[in-house]
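Two complexes, one shared chain (subunit A), two partners (subunit B, subunit C).
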Partner chain A sequence: MITAGLDLGAGTVKGALLEDGERILALASRPSRGVPVTSARAVLDELEEGANIAPGEVDYLCTTGFGRYAIPERHLQVSDFTSSARGARFLFPRTRLVVDIGSQATRTMAVSETGKVLKFKMNEKCAAGAGRFVERCSKYLQVPLDEMGPRALESAHPKLISSVCAVLAETEIINNVAEGVPLSDILMGVFLSLAQRAHSLMRYVGIQPEVTLVGGLVRSNGMVKALRDTIGMEVNISADSYYAAALGAAILGHARLRKLRTAPGPSGG
Partner chain B sequence: MKGIVAGVDIGSTTAKCVILGEDGQILGKSLSAVGVDIVKDAEKALEAALTDARLARSDVSFITGTGYGRYKVYFGQLVVTEISCHARGAHFLFPKTRLVVDIGGQDTKAIRIDEKGDVVDFAMNDKCAAGTGRFLEVCANALGYDVGEIGPLSLAAQRPLKVTSTCTVFAESEVTSYLSRGKDPKDILAGLHSSIANRTLSLMQRVGVEPEITFTGGVSQNEGMVRALSRRVGSPVNVSPLSQFLGALGAALHGRERLPGGAS
Partner chain C sequence: MTVPTLLQIRTDAALDKEENGLPRVELAPDFREFRDAGSVAEMVRRTQEVLADPTFPTARAWRDGGGKAVGCFPVYTPQELVHALGLLPVALQGGGENLEISRADASLGSFLCSISKSTLEMALTGLLDPFDAFVFPYICDVSRNLDGIFSRILPDRPSHMLHLPQNFASESTVRFLVAEYRSLLKKLEKVAGRSLRAADLAASLALFGEQRLLAGQLAALKRERPWDVSLVESYLLLRLGGLLPREVHVPLLRRALDELRGRNQKAKDAVRVVLVGPFCEQPTLELLQLIEDVGCYVVGEELQMLHRWYPRVEPGGDPLESLAAAYVRAPVDIGVRSTPTTKAAAILARVREGDAQGVIFLTAKFCEPALEDVVLYRRALEAKGIPYLHLEFEEKSTTYEQARLQLETFVESILFD
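Let's turn to the complex of A and B:
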């Protein structure tokens, strides 16, 4: 059985193609650019191409993310919490706390030993607690997004940000630049500020090992270090963590399909 | 004996100064931008108001500083919080005021006052740009307007839209996406104004909404905001062309009470 998972996020559409719910055939992503449907179709094409299969060979499509209802041909849609927690458990089976830092929202989920989401907390109201803050800093500090992490790691004395608002922080950061604070210290300050926001969400649901970071920001080593330093604990990451929600969706899709196929028909039930 | 007094209000974006005569009439005032050298900006604000009043520094017997930069008014004899000053200033202009709503460039305050113009209770948002003048500024810029021109435009809206994001950053994206869907900027602006009115009302409710309401701060000069706020609270709100000077006026009034023979 081949199942596809599509995570239609605010910043990026991510996709995963799985065989039998456990073997990764292909992963792909595209920026959402405000039209996640178009990007989602392109991601799906890329997945099929990557796995070298024909469109008809995908048995089941499960969507997640804020744009999950936008794909009419989907068989199933699941919430971001469920998919992201499932994906994190797939990558790190001993995960008990999942942190998903995306462009638009930060989510934390405490999961049981069996993988059930016990408690969750999300910030979607405020840009200061989401990846958007980092994106904005990248723009006005003129440091490309993928360079922000490596540059931040050079920081010797991170410059903490006192503003809790992304807009007010902008003024603060510009003042820091004017005062000659090294760029690497400012960048690490940005990641630490985001890590502190995530930390308070994590405390709300309860912190216990293992902690797994997923979502768009997992690609930034500056973010990973900031989070590890802030919570004082190891944080799981892997090359596939970026696709956790898409993987989770594909896994949940597989589980549903198997159930449908093995369940007795209406006459037998 | 009463003398001439001055109040200097150093806000986050502008410096205001008011010179008050012996009988409580406004002799001169000034409004200027605040830069990096706040001490100098405070001096300049006072000098400009003195010029406006055709007075010399030696004519002024008492100077009070207020606002975010009040401790930089080194030449003053007294420092008073802007909350007490806004209360006093609003009471002076509209003696029946019981609730002062101050929307500035960087924060919003709701101040409940008594019949003497003293503060009873207040609530403020200074943590976050949402619901402040900064919110309007950011969103106005996203639409390609200057913050000074959006008030009247919002009043010409045919089908006001809803702006649901609280966060300024997210609202900016919401505004841009409305624009890319071909929505009328006037309708978007109307939505932005009512969004701030909603946020302001919840701040007001924390201290108790009681008439008369006096709307002050830089944003009170935006007639779209005045209309949106009065519609939201369901009663007219007092606005004065002097409302931007209320903090400075209140500072001057506090100073006046300190003079020998001044009102207590």
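Let's turn to the complex of A and C:
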């Protein structure tokens, strides 16, 4: 059985193609660019091409992310919490706490041995608590996004941001620049402020090892270090963590398809 | 992005706005629109129209017929006393989504619940003109202070703060409440221009007993066959009961129950949940519908407790004492009743009664009584491994994407092993 998972995120569409819910056939991603449906279809094409399968060979498509309802040909949609939790557990089977820092939101989930969400919490509507804040910092500090992490790691005395609002935080950062605070210290301060917000959410659901980081910011080594330093624990990451929600969607799609094939018929009206 | 849209729950009439920007509904003084409503769909549609109009069309129509109306703030007012004096008790449950808050924001802090602001806004802008008096049960500091504010800004219309007992173990509790009722009656009798007659009170007790009986039957039907009655339907049918003359609402509710009992819809693969917290300020219809749209069946809730506080008033003896005793002995355990030692058992009993798989705390922002109880309830649920979700709401909610995401996750966490 081949199942596809598409994570239609606010910043990027990520996709995963799995065989029998276990073996990764292909992974792909594209920026959403305001039209996640177009990007999602391109990602799906790329997945099929990468796995060398024909378009009709995908047995089940499960979507997730903020645009999860946007693909009419989907078989099922699941929330970001559910898919990220399953994906994190797939990548690190001993995961008990998942932290998902995406473009629009930060989410934390306590999960069971099977990856079932036991308790979850997301940040309130707040730009300072999600990846978009890092993007904004990248723009006004004029540091390319992919250089922010490495530059932050050079920090000797991180300059913490005290403001809880993105607009005020920006003002605070501009003041730091004016006062001559080294750029690396400001950048690490940005990541630490995000990590501290994530830490509050983690406390709500209960912190226990192993902790796995997923979502767009998993690609920033500055963010990973900030989170590890803030919670004082090891944080799991892998090259595929970026695709955790898409992987989780494909896994859940496989579970659902297997159930349907063993017990055909509608589950309810 | 295409997301599934909620069912059309605003009506054309609700969008037919007057010059001041508010929808306006005119009803006949004999309420024939509701006497003649032949189907649940029509009853629900007409209720939506009435709720979309913050000028209280039912109270206006009652006045057009020569009557006087009393505005009753949540959660519980002895409506029987108001009714027995020939006055129409009308539930004040906020201004809804169409009311813009401007003047009340200047007087009340931003950390107060929506219903306090919308109620004050309506008083300041003349929307409460159809009322001749107001009752504010002392359920929290906000309701207490609203009574004081109303006394100052509407000095020609009596406002009464009703003290309800919190000590249910004392032998004096019923006597205390009877004294409170007599104090309320003094003001109401002045408004009505006559004294309370025993025969009138007996008739009112019977009428409201019938209304509560039917409300209880509706709740039971919703609990036993949640696929045959949507939450929005059961909510609106009861919400109407606090707005219409009860002589009109009781037969309407009976007709509605007949139709609902005859339904035989297919059950969905949904999660059974108990809804805790919305006993005062009411969530928007969109939010209520969303809860069931994402895959929940609500098999227990605290909406419209006014009609379900106690099953019936025992006849015989002093009717005022019977009314007070019914309130005191009612097996109600919601945020405005202080029973901290029994909260854990109460939430678990409600889960059992509804055969529920989880609990959704749906609390109004800044509602202290509801939020205080959430702490106690959560401990009890965690000890038993019962999943729960906490959502907050305000009267003027416009986007539901975050709520949808959290509700979906909650449902999926129960559905997927």
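We take it that the second predicted complex is superposed on the first by the 261 of 269 C-alpha atoms of A that agree within 3 Å, B and C clash if a C-alpha of one lies under 4 Å from a C-alpha of the other, contacts with A are read in each partner's own complex, and residues count from 1 in each chain.
Following the convention adopted for this analysis, contacts are C-beta pairs under 8 Å (C-beta built on N, C-alpha and C of every residue); 3 or more make two chains touch, one makes a residue touch a chain.
Since the model is a prediction, treat every value here as computed from it, not as a measurement.
Trainee: Put the two structures on top of each other at subunit A: do subunit B and subunit C fit, or clash?
Mentor: They clash: once the shared chain is superposed, the two partners overlap in space.
Trainee: Answer with first, second, both or neither: which of subunit B and subunit C does A:L252 touch in the superposed model?
Mentor: second
Trainee: Once chain A of both complexes is superposed, is A:G56 in touch with subunit B (first), subunit C (second), both, or neither?
Mentor: Touch partners of A:G56: none, neither subunit B nor subunit C.
Trainee: I'd like to know which partner A:V167 touches here: subunit B for first, subunit C for second, both or neither.
Mentor: The answer is first: A:V167 touches subunit B but not subunit C.
Trainee: Check whether A:T82 is in contact with subunit B, with subunit C, with both or with neither, and answer first, second, both or neither.
Mentor: The answer is second: A:T82 touches subunit C but not subunit B.
Trainee: Which chain makes contact with more of the residues of subunit A, subunit B or else subunit C?
Mentor: For subunit A, the partner with the higher number of touched residues is C.
Trainee: Using the superposition on chain A described above, determine whether A:F66 touches subunit B (first), subunit C (second), both, or neither.
Mentor: second
Trainee: For A:P144 in the superposed arrangement: first (subunit B), second (subunit C), both or neither?
Mentor: neither
Trainee: Applying the touch criterion given at the start, work out whether A:R136 contacts subunit B, subunit C, both or neither, answering first, second, both or neither.
Mentor: Only subunit B; A:R136 stays clear of subunit C.
Trainee: Output the subunit A positions appearing in both contact lists, the one against subunit B and the one against subunit C.
Mentor: Touching subunit B and subunit C on subunit A: residues 125.
Trainee: Which of the residues in subunit A come into contact with subunit C in the complex?
Mentor: 36-37, 66-67, 69-70, 72, 78-82, 114, 116-118, 120, 122, 125, 252, 255, 267-269
Trainee: If we count contacts the way the header does, which residues on subunit A are in touch with subunit B in the complex?
Mentor: The touching residues are 34, 104, 125-128, 132-133, 136, 163-168.
Trainee: Can you list the residues on subunit C that touch subunit A in the complex?
Mentor: Spelled out, the residues of subunit C in touch with subunit A are 1-4, 227, 265-270, 387, 401-402, 405-406, 408-409, 412-413, 416-417.
Trainee: Which positions of subunit B touch subunit A when the two form their complex?
Mentor: Of all residues in subunit B, those touching subunit A are 106, 127-130, 134-135, 138, 166-170, 177, 180.
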